[in-house]
Structures are given as structure tokens and as C-alpha cells.
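Below are the C-alpha cells for one structure; questions will follow.
Naming follows writing order (A, B, C, D and E), and every chain is counted from residue 1.
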């Protein structure tokens, strides 16, 4: 299991070991997806205020042109990922399961970059504030799936000095290999991105955490980091959810994020490796975030692949390029199998946080009814937050939301470990979401 | 203020009335209770020595398990026909209180269990005839608890050894006491009888 | 209810069924479990309670204009304690073997919530005869409940009723032990709730404590 | 919205296949309640076979009757309460089997049947069925019949190793011999006491006699991670320690821990009943406390109490305390301690 | 002497536990164990009142009632003693420690005519216990009762989440549960001979 002689013992307590299934795509080099004929770009691809559209129907746009303006501090602009014409602005299916405001652009096939992209070779000379502005303008958000606007994370309040930056290359979700491929194919860009991050935050120490089941990625990153003594590459134990922010910090920096707090409370900023690469692109070439690595995988597609895909490409197109659905394809998930969201239509677009599209065949879809909790405590052992999911689940099942809150419901980040291990098949995550919703309703 | 006095007075009145009612009842019932208790005891003793024509009187006290118990001499026309002792044995969850009587030959005549708090179904089997009957006719030295089948000694109830032992020990202690008190006298009397 | 027309039938039905002190109101549960290891004990306890309740209600009703409302609770306590003492003394004299087993519980009738609550709720507002009937009806309900429990426990636990054996073995000894008392009470309450729900459309169950 | 939508979204442009939609995670383990229960049943198989070998036909009858009564009681109660009948999950089967393991071989057959019915109907289903019972059903069933039918429940027979033996001689268990008659008598009846305890050639309840067979099943369960060390090992170790310190006749530290650890129902109880998920605590530290307390209570009852064997009552008593233990030990949430030092 | 005190203490706490084997205090037992907090408050208050009530009753019984042959008045007098003491405690607590009063005061009202409080002096009188023995009984009974309350409260929290059949919800299942706990407590029997 341990690929490297370095500290692969680094980890957290709790967690589970779902089957990785990464061999479906981990060895396949990334291919660029065809330029989509039509892209659907949601105005809200991040946590925070939605963007305001800058274009009108019928307007011609170029690749990289800003089409949605940041709606506040915690927000990020969106850019066109193709050159073409705006054909619609309205509500379209979104991976969150509902229709949301989006801009539809028909590609003209020319794929022309917008004018005025500024290349900066000596970006090391720029001030942290200038760099931060470039990140903000490029519309970069956390690409591991959380989609939190990156420039916000890079602006900690004065009383919370940051001394460690960690790049998250753990990719603990089963099936997904997009970060893995990125680390193999663009290690230098990632390292440069990390250096920019460290410069912005004025931090002397950078780490890259990678699950030990990706020895080749560890090697590649180490090679790229030679000559940069301030950067360390750390293999971490293969265990879900190793890639969760709090867990990775625990494993690498051995610091504990306080309950209800943020990593910046203990002087740490964590960014996904994809985000680092995007930051490099933005700073070095002035390119906004318009494409990303997406793994299309699962036994429900005929030819699983890693793609470099434009934001706004529909799932239907990518699946088509991956050989199409198999006969028994039964469930389409945006993201990984643990925290990803199942989709009812293939018309949803790839957004900035879409790390993968997973299609499960019927045989792998669990439709078993759930039974009573037998208090086996597997979920308690699995919970990385050391909660008691069994009891919280029981409380919520009976509608005792306040009791669930007493048992630290709010510390749950819905990683799904408890539900994964539950022999009685109890839908704990679903209940937790419900309870949080109900409690929020009561508060208002 | 006037109110306070009135309230107090009414309470006092009720209390006095209550005390009178209770007092009267007590006066009326306590003799009945006293006689009932006495009769109960007499009858129990009578059962232990049916041949005794005279009233059975307390002859003294003895001590076991740091508590004091009485013993009695049963007589007919002032001549002893048997001796009785109350006794106790330390059982499984309670002290088993008993009456034990012996005849003038110092052999056990009758055992009566007055009170016990042993486990229903197990320990309370000591009350059964099949167990208590074993004691009849035994001499002091024969009162030994064994676990195998026996004619000579006392066989323990299987599964209720502790309770069986409690009864056996209680009986043995009582018989020992009676023999100590009256054994020589009886021997003397027997000797006198022979002389005559 | 202070009118002259008092519906005695309603009072009696209420005491025995509608507001049965044990199964319905769940008041004064201690003796219901404690003394019902046999029918005889349950019956005598019931009679004691019946007597105390009738006399207390009668006395309170007689004195209702004399007792100052500010000290009515202490006054009622005196009255209850008096009649309990009387019962206690009488039983100690005339029913010695039973008294040995349940003397403590006879004395504790004084702490029964049901006695005080009937004095307060009914007797203090009604005339002598209706009050006594109410007390008797409540006592009757109590007595019936105890006898019912006694039958259940003695029959199962000892194979006898009122001390007369009807089978040779002791079918389920546990029923006359402390734990069995709780079982009997719980099962019987649940069973009565079930009957009520099934046949009388009641909402039985979920009964509160106290 | 500033712009008015012109093109309505095409939700299903070319009739895509119907997809399952659910909230994640979309992967589950292979484990299931039924699989766990049947595995525990399987782990009891060696002990069951040993009991049949030593006690013959009566043992087989007791096992069949107990299991049948338990399964029928479960189905009956579920029908009565209008719930789905789930006898196939093996939990009623397990309760029945454990009851059979806990009674003497030559017991009248209606007695284990009563225990099974009490276990399933009262202890389990009145409290809401699987997962909600407060007490271990099999142990309540056993306690119920021990109190009700004390005599047949304490009359043990000699192991005969003959399948057709119907009327074996009665024989006292090693523990009751030690308690009531002392060590000399014990060695007279069981000259090779350790060997007898290990192999099961002794008087006792069906399933508690063959220590080695029980350990085999227990190791299997621990390898499968169906049980952890927290309860059984601390339980047994505590019994060993305390009997060594207090169990001797000639002063402190002169007891015989090995004898006490292998005799009575300790191995059976520690590995197969104290570890019951539903009725024990689920937090690990609480489990350790639970195990230690079970051990201490067992020794207390064995050495000072009225019963020669204390495992059953010790576990039942600790079942009462399990919710309290869980409640007291729950404060270990990730980041809770760190949160106290942070200014908001 | 010391041995007897210890015996009385252990017996009254575990073996002859008021709830599980003497069936006393059931109203309170079923009434307050719906919540852990009230159970704990009740436990403290009860134990304290039992100790003090038993001590006061003992002095009155030994030095007034026995010499004057007023034994037959014990029910009235013990009730009066407990009620007067509780009333006094109520008043004093309200003045001296209002904080404690708001925590425990509400329970005091429930105590006055409770059978379990009354049972302790009655048993002491019946058994002719010495002062130390009386205190041992009071303390043992109080702690035993507290134990019962706290166990029951913790189990009922768990039971709250269970699918108990409708007819058995509330009191019936609590009775069955108490029976099961009492069955477990039988394990202590035989440890002490009374």
C-alpha cells in the first residue's frame, strides 16, 4: 500500500476503504474533448452570490470573454469557453438537480481567444495584491468540488496569519482520476501555481498531499519540485475522505481545525492541485478558467476516459465521446460515488467544480430498503469527525432535530462514510441534509 | 392576625379530633392485637408439644447469630414431656426463623419454620415435609447435612444447599442448647427413675 | 354538581371504568404492584383503600364549610392520616397474617395521590352522600384493579387463587416476584389499552406518569 | 433575472434513459444485517457441534425447540404488529440458538420454548423490534426461566458423548462444586479440570462447556471484524485478574484465574452476548468500561453472591448502564477541543 | 455494629432497592424519568430530604413517641415532620441560595407526601433501628433511588426513539422495562443475609 518510503502513515482517525476502481482510467492520458457546438454556462458555479450576465442574446463572444460579472466579494466571474453567439439566457438544468440561470452560447467553430490576454513571464515580480487580482479576474474557484472562490481564501483577515499552504492531490473519491492525470501531465504548472499561492500569502512552506495509491504522481511531483526546497510532496494513507480539507490538514500539518471553524483559524490554506494549475494559467498567460480535467468513468460507459473539457459542455456530449452509455447504465453522477450528485438528465453542463462523470450500471446501484439501526458502531468508527451518526440518524428519523444538533449534527460535512459502511443501509447523509434544512428553516 | 388565629384554631381542632379518634381506636384494638399475638404464639408452641397439658412457659434465653432466642419446657402435671427452642439459621438471603422441639429422649420431634425470605422455587423448598420430616427422631450427632441419599443424616435439597444448611445448622444449634440445658437433668431423672 | 340531583350511576361508572385509579389515571401505582402477588392480599388492600376513601370523602364533605381554604391541604392530610391509622390498627388486630406481609403498604395509603385528589376535587364541593359514593366508587375501581392483577399473578405464579391450588405445579414463579409484578402491570395496562383501542375506539396508550 | 428567457430548456431532447436519482453516497459495503447475524450463527457452530457430541439427542431437541420457538415468536409478533416479517435476517434464529446454548441438556422442552417467547415477544418486540431492545433478549429469556423454573435450570447432567443417551446422571458444575464444596471435592469429581474445561467434558449449559470451540468461533468473528476486543477481552481479563486477587481461600493473590476464566458461561457470554451491538455501548471507551464492569460484577456475584455463576446477571446489569455509558463518553468530536481555544 | 450498618446500607441501595423490589416511589419514578436533567435534580433532593427527614423522625420517635406510648400516631407525626421540614427548607433555600432553589425547588413541592420519603422513618420505627442504622437506611435508599432514576432516564431517552407498539407506549412499556431491570438486579440477591 505504501508506495514511497516517505511518511505514508500520515492520516486521520476514522474513514473507510471503498473499492478504488481507479484502474478504469488512471493509465489513460487525457484527451481534449471536441469543441462543443453549444455550451451551457451557469451563472452560479461557485459557493456565494451568483454572477450578473454581461451579455445579451444575439451577442457575439470570444473564447475567454467575461460573460458574467462577480456578484460580490464571495463570488467569481464566468467566462465564455468557446467563441460564438449567445443564443439564450435563462434557466437550464444544473447539476444541483434544479434549473438555474445560465448563458447558452452556440459555437462558431473558430475557437478564437478574446483579445488582450496579458502574458506575464516575470510574474514573480508582481505584488501579492496584483497576483490576487489576476486570480480573482480569472474566475478561479476550488476545483476539487467545493467551488469556493479562491481569492476569498487568499484574503485571510490580519489577525489570522497563514504559515502553511497545502495542495490537495489526495483524490480520495473512488473512480476519479482527473487530478491524478493532471499531476502526471502538468506537474511543473502545479508547482508554479503553488509558488504563486505561497507568494500571495507570504508563506514559506508548501506541501502537496497525495494518496499513496498514486506512486507515479508522487514521483512526478517530486521530480518537478526538485530545486524548490520550500515545497514537500507527502504521500498520505489511502483512505476516504483523506481529501477532505480538515482531514488532509490533520494528516500533513497535524493541526486540528476547530469545530465550526476554518483552516485559516490555524494558519493553513488548502487548495486543489487543479486550482493551482488554473492559477498558473491565469497568472502566466492571463487565461481565465474555461476548461478543466474531467474523468468520464464507471461500468456504465463503454470507453472510460479522462478529458480536458470546456466548461459548459453537456454530460451527454462527453459520455458520447467516451463511447456512449452501456445497455444497463442506470445512474449518472456528477463527481465521485461518495459525495457526488446523481443526475436525472444528461443535459447538465460541466462546471468549474466537475471533477468527473460517473455512470453506474444497474448491478451497482443499491435499491435495498433500509432497516432498523442495530447499533453496530461501524459508522462511529468510520466518521472522520468522530460523531455518532447512528444516533444522529435515529434522532432525525424521528424528527428530533434539536437532539441531533446537540449531538453535533452541524459538524457533519456529509462525506458519506457512515452511510457507506451501514449494514442496515440507512441513508444518514440524506437525513443530515434534511435536518440541516429543517433547522435552518426554524431559525428564519 | 385574627385570621391567623382562626386558621390555627381550626387546624388544632381537627388535630385534636383526629387524635381522639385514633386514640379510641388504639385503645379498642390494642388488647385484641395483644391477645391475638399471644394466642398465636401459644398455639405454635402447643403444636410443637401436643402432649403437654400445662401452659408452656419460657424457661430462658440463648443466643445465636448475635440475637437472643427463647427456649421452653413443656410439661404435663409439672413433669417434662419435651423441650422447645426458637432458633434461626443464616440462609441464602434471609435468616430462617424456626421452632424446634425435642422429646425427653433428646431426639428431635418437630420443626416449624416461622419466617423466611428464601428464593421462591429453590430455597423455599425447605418448608416441604419431605425435607423437614427428615429431622424427626434424629439425635444431635445425626443432624449433619449431606448431599447424597441418606437415612442416618439429613439430605440437602439439590440446588438449595445454602437454605438446607441454614435450617440444619439452626436446628443443630437449638438442639445443642437444649441438650446442654436439660441433658444432664434428663439423665439424672432417668437415673432416679431406675433407682425407684 | 352541587344540585340535589346527583347521578350516582355516573359517579360509580366513572370510578370503576372511566377514571379507574390504577389503569386509567395511573395514580397510586406502588401498592398495585406491591401487594398483588395474591388475590387475597390484593382484595384486602382494596378493601382498606375503599374504606379509607369513603370515610375521608365523607369527613371532608362534612367539614367542608368548617375547613379554612388556606389550610385545606394540611387539614385533608390530617383527616387522611387519621383514617389510615384507624385502618392500620384494625387490620393489625383482626387480620394478622395478612398484615405481616403488607403492613407498610397499609400505612402508606396515606401517601396515595388518589385519596387526596378525590378529597380536593370532589368531596370538598359536594354533599355527604354523593361524596361517600364517589369515594366508594373510586375505591371500588381500585379494588377491582388490584383483584384483577392479583388473579393474573397468583394464577400464573402459584397455580392457585385465594390460596387454593388448581394445578399442582407453579407455572411461572416469576409472576409473584417483584419483577413479575411489573410485568403483570405493564402487560395488563397494554392489553387494556389495546382492548380500548380495538373495541371502544379509545386513544389508549401514551398515558402520562403520576 | 434581468434577461428574459427566450429559449425554454429542452429537458429531454432525445428521450434519454431513465436514471436512478438518490442522495449519495452511491456506493455501499457488502455488509448487511442478515449477513452479520448469520455469520455469528455460523461462529457458534463449533460449540453447537461439541454440545451435540457430549450431550446427544437431548441437546439436539433443545436446540431445535429453542430456535423454532424464537423464529415462530418473531414471525407471530411481526404479523400481530403488522410489520414486515424479517425472520430470514437470522436475528431470531440467533436468539433461539443462544438460549439453547444457555440451558442444561435434559431440561423439559417447554422451558426453553418459554424463554424464546419471552425473549422475542417481550424483550424485543414490545420495545420496538430489532435495534431497539434494551436488554439482550437471550439473556432475559434465560433469567426469566432461571427464576421461574429454578430447579430444572440448575440440574445439570454428566456429558456422555453418546448420541442416544436419554437419561444421563446428574452432575454439579465445576463452579457450583467450588462454591459449595470446595476445591478438594472439585478435584475429586473433575480430576483433569483444565482439560475438561478446555474440551467441554463437564456439566453445564449446552454451549458453555467447550471453551476451545467457543474460542474458535470468537477468533473467526474477530478476524471478520464483526466483534472487537474492547468488550470481550477486557471482560475476561477483569475476571481473571479479580479472581486471582480475591478468589483464593488462602489470602490475596492465590486465586486460580485460569479456572475462573474457562468455567461457567464466561467465554460464551463475553464473546457472543456482551458483544451484542444493540444492548451494549457503541463508543469504544464506553465499551472498555462496559467490559471491565461486566467482569467485576461477574466476580462479585461468583464470590459473594447467591448464584454460583454471574455472567448472565453481570451482562444484564450492564445492559441497564449501557445508554448511560454512551451518554457520558460522547464528547470526543473532531475539533471540539480545539474550538474552545479559538476566539470568534 | 459497623457491619450491620454496612449491611443495611448495601441492602437498601441494591438488593432491596425501593423501586425494584419494594415498589415504592413509582409515581415519581415514572413521572420524572422522562428527562435526564429532572432525574438528576430529583435524585439530589430526594437523598437529602430522606436523610434529614429520617434523622428528625428518629429523634422524635425515640425520645417522644416511644416514652409516651404514642407509637400509634406515627403516620400523622412523620407526615407532619416531613412536611414541616420541607416547608422550612423551601423557605430557607429561597432566601439563602436562590440559585439552588430554582434548580431544586420545584422538586420539593412533589416530595411532601411521597410514599418513599415516608417509608424510611416507618421502616426505621418498625425495625427499631439505631440512629446510625436509620441513617444508613436513609442514605442507602436515597442512593438506590437515585441510581434507579438515572438508569431509567438514560434508558428512556433511548426508548423515545423506538417503535413501541401503540398500546404499550408510555406507562405500560415503562412497567415492563422496570420489570426487566428488576430481573437484572436479582443478580445482587443472596449477597447479604438480612
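Going forward, a residue touches a chain if its C-beta (ideal position, glycine included) is under 8 Å from a C-beta of that chain, and two chains touch if they have at least 3 such contacts.
Here the structure is a predicted model, which means the values were calculated and not measured.
Listed by label, the chains touching chain C and chain E alike are B, D. Two chains share more touching C-beta pairs than any other pair, namely A-D. In terms of the distance between Cα centroids, chain B is separated most widely from A. Chain centroids computed from C-alpha atoms place D closest to the centre of all protein C-alpha atoms shown. The distance from the centre of chain A to the centre of chain C, with each centre set as the mean of the Cα atoms, comes to 70 Å. Here the spacing of chain A and chain B, counted between their Cα centres, is 87 Å.
Separating the CA-averaged centres of chain A and chain E is a span of 60 Å.
Chain centres here are Cα averages; for chain B and chain E they lie 34 Å apart. Contact with two or more other chains is made by residues 74, 78, 81-82, 85, 89, 173-174, 177, 179, 183, 187, 190 of chain C. Residue positions 122, 126, 128-129, 132, 144, 147-150, 306 of chain D are each in touch with at least two other chains. Residues of chain A in contact with at least two other chains: 372. Applying the touch criterion to all chain pairs gives A-D, A-E, B-C, B-D, B-E, C-D, C-E, D-E. Looking at the complex, you find that chain B touches chain E at residues 18-19, 22-23, 25-26, 30, 90-95, 117, 119, 162. Per the touch definition, chain E reaches chain C in the complex via residues 20-27, 30-32, 34, 72-76, 79, 83, 113-115, 118-119, 122-123, 126, 165-180, 182-183, 186. The part of chain D that touches chain E in the complex is made up of residues 81, 122-123, 125-129, 132, 134-135, 140, 143-144, 147, 297, 300-301, 304-307, 310, 312-314, 316-317, 319-321, 323-324, 327. Of all residues in chain D, those touching chain C in their complex are 114, 122, 126, 144, 147-150.
Listed in rising order, the residues of chain C touching chain E in the complex are 26-31, 33-34, 74, 77-78, 81-82, 84-85, 88-89, 103-104, 107-108, 110-113, 116, 174, 178-183, 185-187, 189-191, 193-194, 197, 204-210.
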